[in-house]
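Please find the structures below.
One chain, chain A, appears in both complexes that follow, with chain B as partner in the first and chain C in the second.
Let's turn to the complex of A and B:
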């Protein structure tokens, strides 16, 4: 294990290379430019390919082509660019090609703001593109977690043959932290034999990859994907449960918002208030059980804290709470960061006010 | 001697194209070139959206469907990862010259080492005959019922002319498939483009003027005459750029 003090975007890029990424295509957009910049230097060092695409649209389609050859491929962007990539992400899902997409999110909607925000939860978890598919969505809260999730993202993408999204806001992309970098993965292409182009692994037969299917085949694919999503819920949920045992108030927050919320929770605990937190690490599959299994004789309220207004995760929370206690929300948006005072104040008002 | 066998690169099935459509012939010419260069097991066909997509199901070799207009981007991803393969896109004029204009110009400008086969029939065939970027002035379509008016819709895009002014491309040529000579020339041009790619020379672009009896509302024979009178004088066949042959 190698320790380095790294910036978020660069840590993700290095973790991707160590996780086997050998192709990147992307287009400049703030606040994720350090990812393509880092990879333009790093990928050639390991025999990989870096392409600066003419657009987000072209970049995701280059990734589609690279993925079809069995190469571990990556693209990164921020909200407005992810909207443009929506077409290609949907095609990846349809053609059953694995790829990893990083969204270092900023204020929205529209061109919005280049400052950090968690404004793309709904896009990430409900509709990364047209047609009704889902992608696994990882939302790290520390750079170490970002490194670990990125390093293993292709294992999920290849296992389920589809796109995987890493959703991180511009704040996490820009901060520097110490990270332990895992070893460079030794790539094994044997497992790609049956689905990639060009007879990789000495295969003799040819292969057709298609994003268009006859009706019955398409319905079968959709049914199969539906089963896959159910499997994710059973096997792949990642969540941090913090001080839930005796909690009377439960904060639900992910990524940067969870870090700020944790500080507030620790302060309130010192003051004697029983506050805990559920931190989804996979936004999809959502950690339904963590919320559903709370003891609602004990829990008096749920507080959804997000760096976006209005809160976007709230519907997913309410579907599990099922009216058993009130759900509150607090957030900032437009690129204005959550701060300790605001988050502490919001939680404290609810907890102390007994709302 | 001309061969009347089905090319080995095509599956023994119908192409699905309308009677009299030159897409079938264009597909065959590509398949012939692949077979003559013994590339059946090395070729990757990047298929686009539109009638050209029917191509996906007639191919023996590896093929992949791309989103509308994005075939040059997909081919970029493939060729950069597998530089020894013969990679080509097969695109229609709506796909290449309208929705995919950024992708084709940028791939050409980067000098990507793959071949683009561009079938130009001046219409959106699959969707029922709307105005294409290449529809001729005055030509009727379902969205230009009075004929294409350049005042509101501009002029037909000349892709060979546009691409040949870029530095990177090595071979840019246009052939009309409405005459035996045009067909024979096209076959040589496609083969030459593939040979240049296999030699690692860079971006090659072959435009094939084709027809659409169904959406032009003409008999197949009448489309060939229409092409002679209208299409060929505007989209002039010829080699627009041949770096290796000294034509810049």
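Let's turn to the complex of A and C:
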């Protein structure tokens, strides 16, 4: 394993290359520009292709094209740009093509702020595009986790043939930490044989078209997708459960917010307060069981901490809590970062106030 | 041991570069470190800030509200971040640009790093003087390790640039120790 002190954006770009990514198309937007910048130099070194598209719409459609050939393709953007890519992402889902999309999120809505925020939870988990499809959403909290998830993202995208989203806020995109980089994957295209162009029937002139499907065929596709999402819930949930055994208060937080919350939880534990945390690593599939299976005779409250206002994950939490205890929320937004003191204060007020 | 440092000033003063050098040096010494830059949309002249955490153990939250040490390279940065220093913390000010320091419950080290750098021959090494002051005053990383990271950083530059940076570092260390 090779250790390097890297910036978040560059670490996931390198992890993508080592995970087999050989095509990138994207359009600049803060705070993710270091991903295309890095890949513009790195991809040609490994025989890959880098394109700065003329727009987000063009870029996501280039990713569609590359994915259709069986090439591991990537695009990255931030909230406003992901909105522009929404149409193409939906077409990827419809054509059942694998691709990885990175959102380094910033303050929203609209043009919002170029400063970090966790403002795209709802977009990521509920409707990454039109038409009612879902994408697996990975939300790393450290750069090492970001590297590991990115490295393996195409395995999921190809297995289930659809887009996979990596959601990180601008803070994790910009931060530098030490990471261990995995070995370069040796790609074999065996698993793409039955679907990618130029491999179907050995023809060189195949086309991949997402037409207006006959109603029954479209419904069949949707039913199949529905079964896939059920399978994700059973097999692919990733979650960190921290100090839950005796917890009377449970924080739910992901990404950067979970790191700040964990620091506060450690301080409160030292003070003798029984606080734990559920940290979803996959935001979709959401770790429903972790919340549903809590002992609500013991748990007095759930605290949703997010770097966005109002909290966006709250609905998913409440669906599992089912009114068995109060759900509280704390956050900052607009590009104002969470910090140790604020998060400690918010959790502490609830825990010590017995709310 | 876990210590947090905020480097602040304006774009072009080498704020990010100084922060990365400190973090990199700490990593080379086997410690854990995070570097978090924060800046506006301006390419030059806008406010620049970065937070560096150095720890013997894993770093959980990289977002402390209060820092142990503030490095303020200009007046605006001092005014903006001085209240974010812990009681009993350390503040290193570039007295070439920061004239008034008003907190009594922190240790203030005033060094005219711009003037020192100019005397050495180039204002661009002000941030290296600053790193020197910091390690002279706090022993957070060793001089040898900083020199090794600077050598890595300037390996494609001329030997004169490296020599100037070493001179800047040594001058800074002496000033930080209060021996000049």
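By definition in this document, the second predicted complex is superposed on the first by the 343 of 355 C-alpha atoms of A that agree within 3 Å, B and C clash if a C-alpha of one lies under 4 Å from a C-alpha of the other, contacts with A are read in each partner's own complex, and residues count from 1 in each chain.
FYI, contacts are C-beta pairs under 8 Å (C-beta built on N, C-alpha and C of every residue); 3 or more make two chains touch, one makes a residue touch a chain.
Treat the numbers as computed from the prediction; the structure is a model and nothing was measured.
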(request) Return fit or clash for chain B versus chain C, each positioned on chain A through the superposition. (result) fit
(message) Between chain B and chain C, whom does A:340 touch in the aligned arrangement: first, second, both, or neither?
(response) second
(request) Using centres of C-alpha atoms, tell me the angle at chain A that chain B and chain C span after the overlay, to the nearest 10°. (result) 110
(message) Comparing chain B against chain C, which has contacts with more of the residues in chain A?
(response) B
(message) Contact-wise, after the overlay, does A:293 reach chain B, chain C, both or neither (first, second, both, neither)?
(response) neither
(request) Return first, second, both or neither, reflecting whether A:49 touches chain B, chain C, both chains, or no partner chain. (result) first
(request) Based on the superposed arrangement, let me know which partner A:207 touches: chain B (first), chain C (second), both, or neither? (result) first
(message) Looking at A:177, would you say it contacts chain B, chain C, both, or neither? Reply first, second, both or neither.
(response) second
(message) With the superposition applied, I'd like the minimum CA-CA separation between chain B and chain C in Å.
(response) 27
(request) Could you please specify the touching residues of chain B with respect to chain A in the complex? (result) 41, 44, 46, 53, 56-57, 59-67, 70, 73-82, 85, 102-103, 105-106
(request) Over in the complex, which chain A residues touch chain B? Could you list them? (result) 22-23, 25, 49, 51, 53-55, 57-59, 61-69, 71, 73, 87-88, 91, 95, 197-199, 206-212
(message) Touching residues of chain C toward chain A in the complex: what are they?
(response) 20, 23-24, 27, 32-38, 40-41, 59-66
(message) Show me the residue ranges of chain A that touch chain C in the complex, using the header's touch definition.
(response) 5, 30, 114-115, 171, 174-178, 256, 259-260, 262-264, 266, 337-342
